[in-house]
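Multiple structures follow.
Common to both upcoming complexes is subunit A, partnered first by subunit B, then by subunit C.
Here is the complex of A and B:
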């Protein structure tokens, strides 16, 4: 088991190396792919190091990253503050669901991005426009999964609590909110994924800093290497944040990790 | 009180009550909108247009060209790009997914590239697509492709991996060749999962298309919204948003309905 796992990791690393070699070969000077369309790996690396130290269109790379993270985490956090309580309440009180859900269903099929022009018109191109678009993008997964979390609770637990004399409020806080935790972690991950990808688009359309802003400027200035640095950073940060949430699950709801399917 | 009595009489079921509440809340929202705009003008029309204004704008775009095309024209060009992107993603993604499950070495080799496409959000490809293809249909189709591709591959792979081994063994015992086993046994068994992947891809692609059209292009629904922003016409944006939302629902419903015809052997989940 362990040995095959090592083999797998080794083969994976080998494949990555192979692709880098193929990439370098394709983009070599005089190679089949002109570097204007796709830069060589060493150029991308050099640009990455350079951007880390010297500002590109206004800020250094760490500052662009911080600008993006600030917007995405604010929008995602605000959506959590609204989505989790509302989702749980909607699942708990039928009437609230009947009242709120139709409106929500009306908004849900609209891609979050479609709100960008509207928020720009209403709020200008400042942070608040981007935060509100990220908020909309993150709200849907937060709310849907919070509802799902309550619905998927084992009836037996509720009945057991009731038999032991717990009142409605105790059941909600002690049983529902806790058993819902693992699903909420999944919700956090989905919401963050949706928020992150929407943020990138929002930054392409209206921003003065951030990774999406770097990407779109690089594209206009034909700095393909900068563009690739920005894309890689967007991907790596996305993976990193998802990973962090996965770790939180170990810490917040350790019982859910045991025996859970890992992939 | 009344509710309870109606329930006892069997007039108001839970479902009926939900509908009643829904109609009530939606009409409340509509009344609020009318009050805020047409009736009392709490909000400036520049910021929030009245419902009649939005309907008027809708009718206007339907009959008069807006930025070169009428509404159906914008819809068709959006659908065309989206169709190309999803089609390519399906044509490449299904074989790749099947091969992923079929041959672990192929999977190990291709996986890094696949993960790269998977983990970088599709919108981050917009600047690259613009750089490669300029403001052409290919740009938007590429963004749609990137958005649609991963779910097709993942679900095709999952579908093939979940095929009962006994079916494959049975086919082999009965003398079927590998290719025949793949075509007659594995693919039909994996089809429901592949279909699920396509369904996710179709809606992801639609979302991505809107983003791509907002950034680049001269036609399409996303472009229409962007034009609305430039002309400070909230009513146009509303028309665009509503059209995009309705089309999204329509497409998803169509895909759901066709499933029964395409995959009659799939047990319909209630």
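Here is the complex of A and C:
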């Protein structure tokens, strides 16, 4: 088990390293790919270090990162505050679903990015416009998966709780919400993925800071190395946040990450 | 054939005149879907379980015996008929009638001890009393070393022990068991059958036990109710000897006793008719 895990990590790192070597070979001086379109790894690294220390279009890289994180986490968090209770409530009280779900279904097929023009019109290009777009993007997975989390609970557990004297409120708080936790963690991951990809697009269209804003400016200025730095940062932050959510699962729902032990 | 069986059944389940039965299913019929169109699971079944009695319902798969249990527990409303506890309408499910399910139905997010204490917490038993009763059940079911484990860490047999402890800790007046050993391997099943037999002998629980296993019925039951195939009716009720040596020993030995073999043959004959006949 441990050995194959080590092997897996080694293989993964090796593959990434191989890609960097291929990249360096392709972009070597006099190589087949012109560095204007695809700068060499060491150039990108140098640019990264420089951007970390000196402002690029108004802010240093850490500040661009913070600007992006602020938007994405606020929108994602607000969507959780609305989506989780509403999703659970809709699954629990059929009548509420009858009222809310049709409206939601109507809004759902509109891609989050299609809200951008409207939010710009209403809220300008400030933070609140981007937070709203991210909120909408994250709300759908939060709400849908919270609903599914409740639906996927074995009805037998509800029956068992009833025979043990639990009333509806106790069943909802102690059985339903707790049993749903692992699915809610999965919902968190999906909502964050959705929020993150929407954020970058929102920043491309309307922003004064942030990684998406850096990327679109770099593209227009032919700063390809900056563009690559921004793209790497977007990817790395995405991995980091997904990893953090995985850790919260161990903490929130330890039972869901145990392997079955047989005696 | 089936109609006459119904009459015979009602003849043998007449209540003792002095006290109402602990649990009575009276003329239970259950349709899933609209009556006359949907699935007719149970048809006019009456079963009485007296205080301290162990009644086993046996029948072919899909005969509605589990439906009888869910109705008896109050988890499903019967289409016709009523469920009585001490002669009064039983009402919604609750800890007077504890249930052990075939698929354990343990709360996956709770440890063994949290599962066992669940019902005590729901019904407002004091913390000190909770701990005392928990300790007693952990000891009886041999779960002390697993008290902090989650169900997913336990084998099927251990999980069902937890489920039985969770039901017994409520000190229920009636214990309903729906094929509790159906999902277990043969060895674990044997051991748990013997433990349930022992518990019943020592504590005189009132039990309604559902199974498709004829051996289990003969070994555990004070009375065995044989059901027809769907719609399930009561085909025959068979009284078994109660305080005989073979019922209190190992099931292995019991199954070699001539009396056991005779009852098994009789009951299996009745069940077989339901499976074979079309």
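Going forward, the second predicted complex is superposed on the first by the 249 of 263 C-alpha atoms of A that agree within 3 Å, B and C clash if a C-alpha of one lies under 4 Å from a C-alpha of the other, contacts with A are read in each partner's own complex, and residues count from 1 in each chain.
The working rule: a contact is a pair of C-beta atoms (placed from the backbone, for glycine too) under 8 Å apart; a residue touches a chain by one contact, two chains touch by 3 or more.
Here the structure is a predicted model, which means the values were calculated and not measured.
With subunit A as the common reference for superposition, the partners subunit B and subunit C occupy compatible, non-clashing space. When both complexes are overlaid on chain A, the residue A:247 reaches neither subunit B nor subunit C.
By the touch criterion defined above, A:109 reaches subunit B but does not reach subunit C. Of the two partner chains, subunit B is the only one that A:100 touches; subunit C does not reach it. Contacts of A:255 after superposition: subunit C is touched, whereas subunit B is not reached.
Taking subunit B and subunit C in turn and counting the residues of subunit A each one touches, the greater count comes from B.
Legend: residue contacts after superposition of the two complexes on their common chain; A:166 is shown touching subunit C, with no touch to subunit B. Shared-chain residue A:181: touches subunit C; no touch with subunit B. Put simply, the three-chain overlay gives an angle of 90° at subunit A, taking C-alpha centres for subunit B and subunit C and rounding to the nearest 10. Residue contacts after overlaying the shared chain place A:154 against subunit C, while subunit B stays out of touching range. Legend: residue contacts after superposition of the two complexes on their common chain; A:19 is shown touching subunit B, with no touch to subunit C.
Once both structures are overlaid on their shared chain A, subunit B and subunit C have a minimum Cα-Cα separation of 9 Å.
By the touch criterion given at the top, residues 70, 73-75, 92-95, 97-99, 101, 103, 105-110, 118-119, 122-123, 150-155, 158, 166, 170 of subunit C touch subunit A in their complex. Chain contact summary for the complex, subunit A toward subunit C: residues 154, 156-157, 159-167, 170, 174-175, 178-179, 181, 253-256, 258, 260-263.
Those residues of subunit A whose C-beta lies close enough to touch subunit B in the complex are 8, 11-12, 14-16, 18-19, 37, 94-95, 97-103, 106-107, 109-118, 120-122, 196-198, 200-201, 204-205, 211-212, 215-216, 218-219, 222, 224, 227, 230-232, 234-235, 238-239.
On the subunit B side of its complex with subunit A, the touching residues are 14, 17-18, 21-26, 29, 47, 105, 108-113, 116, 119-128, 130-132, 206-207, 210-211, 214-215, 222, 225-226, 228-229, 232, 234, 237, 240-241, 244-246, 248-249, 252.
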